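Can you read through this structure? Questions will come right after.
Each chain gets a letter, A, B, C, D, E and F, in the order it is written, and its residues are counted from 1.
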Amino acid sequence: MSKVAVFRKEHFNAAHRLYNKSWDDQQNDAVFGKCNNPNYHGHNYDLIVKVVGEPDPATGYVIDLKILSDLIQQHVLAKFDHKNLNLDTKEFAQLNPTAENIVIVIYNILRELINPKFELQIRLYETPRNFVEYPV
Amino acid sequence: MSKVAVFRKEHFNAAHRLYNKSWDDQQNDAVFGKCNNPNYHGHNYDLIVKVVGEPDPATGYVIDLKILSDLIQQHVLAKFDHKNLNLDTKEFAQLNPTAENIVIVIYNILRELINPKFELQIRLYETPRNFVEYPV
Amino acid sequence: MSKVAVFRKEHFNAAHRLYNKSWDDQQNDAVFGKCNNPNYHGHNYDLIVKVVGEPDPATGYVIDLKILSDLIQQHVLAKFDHKNLNLDTKEFAQLNPTAENIVIVIYNILRELINPKFELQIRLYETPRNFVEYPV
Amino acid sequence: MSKVAVFRKEHFNAAHRLYNKSWDDQQNDAVFGKCNNPNYHGHNYDLIVKVVGEPDPATGYVIDLKILSDLIQQHVLAKFDHKNLNLDTKEFAQLNPTAENIVIVIYNILRELINPKFELQIRLYETPRNFVEYPV
Amino acid sequence: MSKVAVFRKEHFNAAHRLYNKSWDDQQNDAVFGKCNNPNYHGHNYDLIVKVVGEPDPATGYVIDLKILSDLIQQHVLAKFDHKNLNLDTKEFAQLNPTAENIVIVIYNILRELINPKFELQIRLYETPRNFVEYPV
Amino acid sequence: MSKVAVFRKEHFNAAHRLYNKSWDDQQNDAVFGKCNNPNYHGHNYDLIVKVVGEPDPATGYVIDLKILSDLIQQHVLAKFDHKNLNLDTKEFAQLNPTAENIVIVIYNILRELINPKFELQIRLYETPRNFVEYPV
């Protein structure tokens, strides 16, 4: 049986601030610019979860996308949707919530929950023009 | 000469919190739900500015959209982009930053700057599924 | 207080067949072409519900879009999503499920449920290139 | 019977140059900037044709969108698709091909071909961020 | 000469029902939920065909996308557009028309028609939020 | 540290004509059809630049997308935006400006400017339905 990639798109809205706690304000402004606003700004994040595996001959499904959607909602959206990533989450209490770091965190959460026989890849849109993918 | 509507789309990213300062937490939670997160959440706002008027026979333009875009950037995006609407703006220091209130505020800002001979209407997308328009 | 339009976008997937029961096959084929396939075809319908009213000064909302979304899901999507419009619904048992007729039916359903102080308008996308709006 | 608006989206690709033949280069550059490139630039134009009327009780159609699409293709796209608007069309031989002027020209072409009992409105996207509508 | 990937996007509308003929209703409902509606439901499928090869130095084309589009229309869309996948096609008479199975079927059809020197990959959107890709 | 892909989307508008100077008109028309209009046509090109590397632990960035955007604007958009690719650019003075050739040219420009430790891939949309990617 051949492998097929299946994709599920979800979204969440969150506030964040980009900065390095070990740097002074001047250095943070130089590197992060307006993304370093101390009072935070925010985004509508679009999340695409890709799962690769062989379709089950009995169902024709690689994985039931309804189950995958529920998993994402319970373990990713419940943590991050309508949250301040810096203040409301343990994942980004010490980690700068760049798109790169968010996509790795989401991958690590889902990787533990999805059967190891499936390959997993995450794409995260911070805006329609800025997005990231992990792993490559 | 006939009137034509011209539209310019811009966007900004901001954090906000929805709540009524004169209500207690329980009432705010009941009405605003997760939008009442005290640490804020955020959105990629898409803004469409509609200007209606007669094209100038010499240019074929109702209004130069480059000039309109600059006006929006200087007077709207400079105020709201990468900001916390509740904390960083005078407009929403006392006014709940719902999409309805934001679109009225943006209309009022631009109405003073755009020649009164032109009709003006603003559409604001808080998400691709929730949006508002003013005036009607 | 000024009126603002608020919009909520939902979607549903359905099968349908376009034909006039009082016509013979030849006339139905001439008018409806491949949309007259006797075994049905289907669409991802996108639905935009527009509600116009004055924002409540206490909330800044015209209408809570979460409540509007729930209303659409309970009274429109529950009827039509993953259904055969011709066979599974009383609304289209005798009425040809063209986009024009669907949008009028959805308007009539929601008009009874939404406070008469609000104006209501529905836009329905049958495909990204074919869509309708009611009332005008 | 109630009126419904139906919409058909089409697209065409064209080159154009914006300038006023009675002005010198300096004035054209000041007003039209890079849109005044003497060797032309181009766009993927998206065109939305809106027709308003009462659905025919026998068909449930205001107008057959396949027929409307054919009409647009024969009378609008055949003229403008893959053309240089300034050099290849009589419509813009003397008229500056701004989006405002193009939308009026397309309206005038289609208005003669569509039954006067139907209202007609045209929206034209020059880019996803710059668009126009006529009549208002 | 270096390889380039070229992509052509097409679409078709179809009805389908997901179920396993060897299962009873209860098991089909448990696995396929509302997708098991016996009267079918439907989708606007978006199809992206990717062809990888070296551009021909004489044309600058890997493959003429007009020719590729015609091929897809004659051999894929003519079979599936405005059809009931379960009832109207031999491909899905015995095969459950999940997105996974549809994308494999389309790949197999096109693989026989496209020069073996070109790599081929198909992406199929069942909805904007559920999609598949084959091969991986 | 793990590699992450980051993407930045930009756009430009240009005119072009597809033809082979060593062929006669009949052969160019047979191969390039309406894309061979001697007076040019045009497109809104969407450009997605993908950069793959390890996020910097101090910033959480693979590469600052603001810096990447500036680079694309200065070295790609400044050359091609609002230009006639055949007449106004040295890159396509002798090279047929097909999407395949444009994407290779853009890759070669950016490859020299971006740190060799980063992998680079370019996707170019000529229209929403015709696009290319390089390298594969």
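Operating definition for what follows: contacts are C-beta pairs under 8 Å (C-beta built on N, C-alpha and C of every residue); 3 or more make two chains touch, one makes a residue touch a chain.
Owing to the predicted nature of the structure, the values given are computational and were not obtained by experimental measurement.
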(message) If each hop has to land on a touching chain, what is the smallest number of hops from chain D to chain F?
(response) 1
(message) Strictly by the touch rule at the top, which chains does chain A share as contacts with chain B?
(response) none
(request) Specify the angle of rotation obtained when superposing chain A on chain C by their C-alpha atoms, rounded to a multiple of 5 degrees. (result) 180
(request) Would you kindly state whether over half or under half of the residue numbers at the chain C/chain E interface are used by both copies, giving same or different? (result) same
(message) Averaging over Cα atoms per chain, report the distance between chain A and chain E in Å.
(response) 28
(message) Averaging over Cα atoms per chain, report the distance between chain C and chain F in Å.
(response) 41
(message) Multi-chain contacts only, two chains or more: what residues does chain E have there?
(response) 128
(message) For this structure, enumerate the chain pairs that meet the touch criterion.
(response) A-B, A-E, A-F, B-C, B-D, C-D, C-E, D-F, E-F
(request) Within their complex, state which residues of chain D touch chain F. (result) 11, 13-16, 34-35, 37, 39-44, 81-84, 87-88, 127-128
(message) Can you tell me which positions in chain D touch chain B when the two form their complex?
(response) 18, 20, 31-33, 95-101, 103-104, 128-136
(message) Touching residues of chain E toward chain F in the complex: what are they?
(response) 2-10, 52, 55, 58-62, 64-66, 119
